[in-house]
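Going by the order they are written in, the chains are A, B, C, D, E and F; count residues from 1 in each one.
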Amino acid sequence: MFLPRKILEKKLLDMLAEDVGQGDITTALTIPAESISEAQIVAKEAGVAAGIEEARVLLESLGLKVETLTSDGEKIKPKQALMKIRGNTRTILSAERTILNIVSRMSGIATTTRELVEKLQKAKLTTRVACTRKTAPGLLYFDKKAVLIGGGDTHRLHLDDMVLIKDNHILVAGSVEAAVRRAKEMGSFSKKIEVEVSNAKDALAAVRAGADIVMLDNFSPKQVEKTVGLVKKAGFLGKVLIEASGGITARNTLEFASKHVDVVSLGELTDSVKALDLSLEITKVGNT
Amino acid sequence: MFLPRKILEKKLLDMLAEDVGQGDITTALTIPAESISEAQIVAKEAGVAAGIEEARVLLESLGLKVETLTSDGEKIKPKQALMKIRGNTRTILSAERTILNIVSRMSGIATTTRELVEKLQKAKLTTRVACTRKTAPGLLYFDKKAVLIGGGDTHRLHLDDMVLIKDNHILVAGSVEAAVRRAKEMGSFSKKIEVEVSNAKDALAAVRAGADIVMLDNFSPKQVEKTVGLVKKAGFLGKVLIEASGGITARNTLEFASKHVDVVSLGELTDSVKALDLSLEITKVGNT
Amino acid sequence: MFLPRKILEKKLLDMLAEDVGQGDITTALTIPAESISEAQIVAKEAGVAAGIEEARVLLESLGLKVETLTSDGEKIKPKQALMKIRGNTRTILSAERTILNIVSRMSGIATTTRELVEKLQKAKLTTRVACTRKTAPGLLYFDKKAVLIGGGDTHRLHLDDMVLIKDNHILVAGSVEAAVRRAKEMGSFSKKIEVEVSNAKDALAAVRAGADIVMLDNFSPKQVEKTVGLVKKAGFLGKVLIEASGGITARNTLEFASKHVDVVSLGELTDSVKALDLSLEITKVGNT
Amino acid sequence: MFLPRKILEKKLLDMLAEDVGQGDITTALTIPAESISEAQIVAKEAGVAAGIEEARVLLESLGLKVETLTSDGEKIKPKQALMKIRGNTRTILSAERTILNIVSRMSGIATTTRELVEKLQKAKLTTRVACTRKTAPGLLYFDKKAVLIGGGDTHRLHLDDMVLIKDNHILVAGSVEAAVRRAKEMGSFSKKIEVEVSNAKDALAAVRAGADIVMLDNFSPKQVEKTVGLVKKAGFLGKVLIEASGGITARNTLEFASKHVDVVSLGELTDSVKALDLSLEITKVGNT
Amino acid sequence: MFLPRKILEKKLLDMLAEDVGQGDITTALTIPAESISEAQIVAKEAGVAAGIEEARVLLESLGLKVETLTSDGEKIKPKQALMKIRGNTRTILSAERTILNIVSRMSGIATTTRELVEKLQKAKLTTRVACTRKTAPGLLYFDKKAVLIGGGDTHRLHLDDMVLIKDNHILVAGSVEAAVRRAKEMGSFSKKIEVEVSNAKDALAAVRAGADIVMLDNFSPKQVEKTVGLVKKAGFLGKVLIEASGGITARNTLEFASKHVDVVSLGELTDSVKALDLSLEITKVGNT
Amino acid sequence: MFLPRKILEKKLLDMLAEDVGQGDITTALTIPAESISEAQIVAKEAGVAAGIEEARVLLESLGLKVETLTSDGEKIKPKQALMKIRGNTRTILSAERTILNIVSRMSGIATTTRELVEKLQKAKLTTRVACTRKTAPGLLYFDKKAVLIGGGDTHRLHLDDMVLIKDNHILVAGSVEAAVRRAKEMGSFSKKIEVEVSNAKDALAAVRAGADIVMLDNFSPKQVEKTVGLVKKAGFLGKVLIEASGGITARNTLEFASKHVDVVSLGELTDSVKALDLSLEITKVGNT
């Protein structure tokens, strides 16, 4: 998910504009126009840094000098400074909250994702941790990128990059087979086809109809195990990817992951984010 | 925060456009163009409904019929249907995730806010529960409105609607007195002036300099109590509003709130949201 | 009203784009692509400079060098050069009219505002001169900032930053008291409440109900005086701000202002602007 | 200047959005969500109506019913109602100021333009009254359309629709002849070529070089007369249009206009607008 | 590629706004404001209709009534009417060119695509005809949708929906194997991996490294055949998709397509479009 | 058509953003973030370069260094390098396709236009080659500029820059005379009036009514000749411009052009573009 800097810059400036409104009145009233400062963004708790690149791009676009002291994906400790900023004080203070909101949300997502990824690694599992499309509206890029930085999988980015046949599609199409058949015939060769199923029978039907991935939705760990067994017996294990989804949380992930579950996906990674606590502190005022 | 419908509609359509990308390929492949359905949005857990109005505006702008079964601010129970939707199936399914993301985030915020508000009411306190500017970038309107629906106070909306002099402003301005004096002389008569302070002495200085509101930042409950005493002694109690902020969480709010603390503000109301679990289910296919 | 430069730049470029259309055909036909020039913006009449910062930001964003010879808020004389510009001739000439339109409108507003402010100062009055929301659509930031530069008060910036209960609100709400009560109970602690009234009785009602500011709308100077007397008698003088508005013009302001009228507001400051006459003159062509 | 309604609607909604900010807090606090009202826009002074169409489009796009009681271009009297509006009270009041700002600016422009046009008509002159590109930034369409409604000529709309060679172009190009020659050779056959000149000699040079229109800039009425004589002598009268511009005001127009001056243009028509005083009054509350 | 109507409408209105500029002056001058007409869009040559849906959405959004007489994907004959339009004449004529430009480009693309698809079908081949990312900038949705309507394959929609490793990526990554390995390890499970190769050896390397699709770029038909043979011998035929690309034109497609070539892709489908000739004719004026 | 660089940059970045979507996943997976490269854009066939300036502006806005090796309007040969690019490899590769799409379309248009212009020059004709409004939606600036670079005439840019009365306008207005009369009376003096006619009689009517240009639409070369004769006889030759349009193609242009036809216009110049084949090749990787 490489976004040329100028395109990212535009998204970030739109966020800043929302917060600034018609202008920062406090800063205009209390800070001289020509004041120059140095500031730091400091972590107040441990976690995984994310949004460092976004903060740098936004701050530099505003004419500020930035020295990053960590990188996206690095672990950070309480009181650790993430970056130094130098330049016009009014500009720094007007952008403070927007910058912190971005970095603390992205770092919060990356931190939770990393914990899960490491939990699976410790259990010697290669199951991937994926997020879903339950991102904050308007923050698709930022939420997905934070998951990537945490070591997770972005899953589908939006409605145009994978065919994902869900319960409601199947209901209207008539059957798993009908839906998959149509998608294989008419869909682009460039897209994978995934099918969300609610029972083992439909899982097998999807696999047989040619799905690339089958998503076991709201299965218990037992049901997952049983379904994997049936897929194996049918000779499709290794030919189709298996994703477990629905009802999976940070706490119970290990029950769902297994060597035959290729992916576990969790909505809460992006819809129930705990922001990482950060602050911006001016460390020096004036030119000296 | 009344937003004329067409202006709200534009914000909502931008959110949908982000998720749809170049088009919903799954729906195009599996659902006939002329298919008509009925669907419901159903709560999977208890909480306070918010975003109902936003969902309605977005769905109606897409040409769908909506019947709301609850209203913003109403308590909802698990399995309760929040609204019925009827119309073109492709349209319903393409908008499903965006709608759910909006309603589940807003309802999550409203639910947590309401819990806090009721906790204070039970304790017979009139202290207001306010959020901060720690909203998700781009979601200012939605996050603030959800707090309102939950019974909370929006606090400052952006950088142009109240003078809020914070630690960094004071550092650069030289002193609390200097900053407040300048704000009172040069600022618009139409704006309140609030000062964030880190100790009782600065609190008194702010009050004496003419601040309308003083924010006790990261004070312990004890320190809050002591500061309130000093303000009282100085004859300003009732003439200045007192806000406690920083380190306040849903759990420890009661320790901070008291009859002389007018406002408690919590960043977590909007930066660490727990989405309310919802789903959209097609209940009928076809015209019958 | 401090706006980070990049956000201001975007507003200014949108204005330029409107005027340029699909491209400046005259400049393309008559000026060589590589031509370099020096130019000056020159005042053709006396006034107060405003928009200098906006002109600089737009010109620099287009790759031109700018040397400002005055600053926002400085008085200027006829024939005085306000800034020197150097760079690509086509770029200078394509932006000429947009730059002049911005500076001449903002300077016109600042000039009129300053005249009024100085008139009051000479009369030893501390009454503030405020504009209203009668700004040119789309020019809110520019009109309000020009008033500030002239020494005036921006008043409310938009509909979200102060509660201002006007005649129509009172009509629908039923009474001044009902409207103010509801605003005090449900409104954010961060916002002031102002009430527009059309007679002395309502003024007192608003004050008693807890309004922070009372706006005497379309009162004669006599009625203003009488109302101030009643407010004083009721013990609220100094506790509530008094604004006189409606029917006030540059000519009759002094009749309205008095030591107990805190603010006079005039729609004409921004809705009936007299542009300051300016021109842009090329002073040197070529690199020498 | 016919703009399809949906394109006009977008411009108007952007204006409204600027004023509303994050939402109208006064209206939300004092007006019940379901309140319905009738209102009227009433003129407080005489003039020529303009912006009636724009108001209608914006109001209808917000779901309100509109009955116009006058049309663009009609003369209006003090206290005359221009339109009736019916619908959601919150919506009416949130849009009130934006609507009035648009109609009062456009009507102000149309009124001044009409006065000038009628003055010339009374003098039995066919000279056209034109505005210039001195429009308020962002309001090009509205300012030009108001001039049209007043009976004036829009002149060039932006930089792409006529070749207008001005002093600075001539300075860089070397001479009037050089500039016009290049424009005729390389410019599109679809565009007219106008040349701004500062003396009679250059006027003749422009005419001889093939200009379609010659603009006599900052000429005294005497100089205009003399130049017209020279053009006549050279055999070009009737083959080239003559425009007088610069230093022309509502007061001195008649001195400049004559049967051989085809156009007089005035910057003040759009850069020094006097808004027509209007108000919106709620006339009925509730459904009855 | 299903796009909710309102999102498509916005794209279409932006196109119209570009063409209209500050307003259609011809229509305003020659057509009465209240004139009503009926019009038809008529084909002047045979082809495949595309853009019918887009025309309908744009016309209806402008308040016009539309009766479509054909559908996207239908074959049309010279002089055949594609749709009837009824409503405000000014609106119809202002939108005429934009509508025709959209429908004639999309129909041109669909027509060429269909010819190729039918050519392959006649040759009893199941090879898919795909376009590339060589779409007109800004017209991605329209160009890709027209290919779909013609019976072709959209291929990758943009840079985020498939991993497509091209020559330059391989050059920087060091080798086909290195690039594919990294993509498989770090890329999302939800995306296919395609590799563009310039010789048979690299084709095999890509297949062995785990590519889902291998694109034979600028191969001669002979080289294609030879490579297919090697892939077969290596046991990967049927497990990997084979795409031929580069140098393929409508004329030589059959030489490249074969039963083992799954996809042929042609840049010219979208970068060298021949518009289908269409016209809009008013068939009735007035209300009768 | 001179567009200040920042305004052009915005159009170009919007095009890039469309293609990049949520990010270039291939480049992120296969190219190290800090990789630096040199690349060249190379022509694969002969033609006329156009879009060189656009490519430079976009590439430089992304932080890349550009050395142009040809200029807009220069003839280029197969294998000729058009520009060298140096900088971050990910950025180069993410922008590759958008840059090539712009340059190849514009060069294709310029090439065809130039061929026609030279054909007329060889025939010693001064007839201009013009395009029409049949540009790709959204690409108005780019298509028209490419025609200019090829030596052609842009014709009308959009609906606001010339009065062009077409068949449908005449049908509704009642007659050629009625339409032209109204346009002359009410239209701005700054715009030319052109009339599209379908027979010699209407041509004469238009000329007599005062049209500046008459467009002979779908006339055979014979009819053109006859009409020119009639115009001459009526004494208008040289006083009105004559344009031949409709059914003119690159092949038959010479039959239509003659010394009395001032302009031939061809829709196919912009609606049936053949892109010039180009590629971007990385020539050096790393810092050496």
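Please note the rule applied: a contact is a pair of C-beta atoms (placed from the backbone, for glycine too) under 8 Å apart; a residue touches a chain by one contact, two chains touch by 3 or more.
Computed from a prediction, not measured in an experiment: that's the story for all the values here.
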Practice item. Between B-E and B-C, flag the pair that has more C-beta pairs in contact. Key: B-C
Review point. Equivalent interface to B-D, which of D-F, D-E or E-F, with over half of contact pairs matching by residue number?
Key: D-E
Exercise for review: Starting from the mean Cα coordinates of chain B and chain F, work out the distance between those two points in Å.
Suggested key: 51
Practice item. Calculate how many whole Å lie between the centre of chain A and the centre of chain B, each centre taken as the average of the chain's C-alpha atoms. Key: 22
**Study point:** Whole-Å gap between the CA centroids of chain A and chain E
**Key:** 31
**Study point:** Centre distance in Å when chain C and chain F are each reduced to the mean of their C-alpha atoms
**Key:** 44
Review point. So which stretches of chain E touch two or more other chains?
Key: 1, 20-25, 27, 94, 140, 157-158, 160-161, 188, 191
Revision key, fill the gap. The chain D residues in contact with chain E across the complex are 1-7, 10, 140-141, 144-145, 157-158
Exercise for review: State the interface residues of chain C toward chain D in the complex, per the touch definition above.
Suggested key: 14-15, 18-27, 29-32, 35, 37, 39, 89, 93-94, 96-98, 100-102, 104-105, 108, 133-140, 142, 157-161, 163-173, 179, 182-183, 186-188, 191, 267-268, 271-275, 280-282, 285
**Study point:** chain C contact footprint on chain B (complex, rising order)
**Key:** 1, 128, 130, 153-157, 160-162, 188-192, 194, 213, 241, 243, 262-263
Check your understanding: For the complex, which residues does chain D have touching chain B?
Key -> 13, 16-17, 20-25, 27-28, 61-63, 90-91, 94-95
